[in-house]
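Below you'll find the structure, written out as structure tokens, and then a few comments.
A, B and C label the chains in the order they appear, each numbered from 1.
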């Protein structure tokens, strides 16, 4: 069927307007739910650095009652800044990927405090965010340090696109367990971090407070994780040092909202 | 240097066909003869090298949150919170369809000889997953414009290599005794699997 | 066979809701005319998402949704769509439904949404969808088109679910994330890393095609 040009143009125009309108409606309508889903995923990840996430019945309640957060700069000083929407910027809203693209000295770093159950005055662990490059693409994670700011309480990693079955194993619980109880400072008080060795069958003698078994077949991903950890522990060092000395004692109010 | 590394990565390691299964439809349909595979491969390189940067510009200046504010003067209104990224798919596919048309007209006008060999493949390409896939990857990985161009071009080369190689093997396969049920698609799948193993040996190379 | 024939005759005046002709639309693509194994369409997305059953199932559902609704929509508009711009109109319709699926997944199945990443978007270029719109929905009534779309979508779905079943089982010893082998007391099951990699998908699909074609007796000529 041949139609006139006017018809074709009119038809396209009407179709564009109808489809565009429907899509905008759907997008605007679903936006709050999408934001909620993203926040939920992030809270789940932060919590899983300190808790066995499968045992947590309600992640949002658990998070709101046990985690409080603030933002520091590269010097370890607390930063209070307005978000683009004009409210006080929360650590949860910080886009670590965007921060990662800035110069380390200009970045903002989120700090999450994990409180003892039923006693919000007491802090069990500090959870710090990390971001880096794996073999293919970005990797990130959260490390939880005990209040001595030396012992690793737990760790969690995630990635955008490491090799399935090899590098992607950094998300395995069993591998993240290996970090538990390791120390980030060496005897002389320097940051030594915790590093994955090459391969998985290292001699027991080579496994110590700073070295753990790596990932066979994914040495570059493991190296990426090692670099990411040592980099971020150094970026957080001013904060870690001051917390170690117990300088920051005041615990701000828990997030009671949301 | 990083660009070269990205190029090598997109050609060999993250090969469109072997690592992401993109462009499989045309890869399987047009790989019976090397000569036609060659034509399609060239056309894919051509279109990818054009569409990925163009989509990058669209993504950067129209689609992402606050993109409109970069060039619309503030006196016309505040566009900094406008987020059109839900239109990404439809914009990308429209650009691709339009670019394919443009490239087709351009080649027809300036190089009739090339048009003769590429012409029939160009319309096919508009619905080739590799083209849309590359644009989507580009947006997802937040490349810069230079990276996007290199990525587009070398992804095309990766597809070109893959389709030429499989076409060459399939030409030889004509003389082999293949079980009836495996003939055609089945054996091509298995062959692609084996080639995938070969390409996996590039894994972990970093330049 | 005879039964369906009888039904045909009794309801000859108005065609049955599921007449033999219509059943064919649904059943043919499942086996004899399978979009993946016989027509060689829609393979791109079939392989990339099949490392695990859960995202595969979501992918199958998304494709089914997109196919049914874009077929319905195209079929309703078939007399209004100008022939010259029909391809781009079809693309626009498909893309709109895909965006819808993408937004819904983003809101209510964020885990899977992240896993599927760009492959939801690639449903747009899934040749099965385009192919059915162009070959069927453009020239048939809405109800028939929906049946046809449903059939093709099911043909596509069962193949990718079969591939995912084998890849997840052999590659990571799990089904829907459930440790199947340690559950039956065989915790030392040697999982095969190749199955999780793209190569495994090619090989499994190749073998499924072999089995399926030797059963249906379809032979492709070189």
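The rule is short, and it goes like this: a residue touches a chain if its C-beta (ideal position, glycine included) is under 8 Å from a C-beta of that chain, and two chains touch if they have at least 3 such contacts.
It should be emphasised that the depicted structure is a prediction, and the values quoted were computed from it without experimental measurement.
Seen from the Cα centre of subunit C, the chain whose own Cα centre is farthest off is A. Per-pair counts of C-beta contacts peak for the chains B-C.
Mean C-alpha position of subunit A lies 33 Å from that of subunit B.
If you average the Cα atoms of subunit A and of subunit C, the two centres end up 36 Å apart.
Measuring from the averaged C-alpha position of subunit B to that of subunit C gives a distance of 23 Å. The multi-chain contact residues of subunit B, meaning those touching 2 or more other chains, are 86-87, 90.
Contact of a single residue of subunit A with at least two other chains is seen at positions 19, 23, 26-27, 163. For subunit C, residues that reach two or more other chains under the stated contact definition are 92, 96, 99, 103, 197. In the complex of the two chains, the subunit C residues touching subunit A come out as 51, 80-85, 89, 92-93, 96, 99-100, 103-104, 106-108, 110-111, 113-114, 171-172, 193, 196-197. Remark: subunit A residues 1-3, 7-8, 11-12, 15-16, 19, 22-23, 26-27, 30, 33-34, 36-38, 40-41, 163-166, 217 touch subunit C in the complex. Touching subunit A in their complex are the following residues of subunit B: 14, 80-81, 86-87, 90, 141, 203-204, 206. On the side of subunit C, the complex with subunit B involves touching residues 37, 40-48, 87-88, 91-92, 95-96, 98-99, 102-103, 117-118, 121-122, 124-127, 130, 194, 197-203, 205-207, 209-214, 218-222. Every residue of subunit A that touches subunit B in the complex is listed here, in rising order: 19-20, 23-24, 26-27, 84, 135-137, 163, 219-220.
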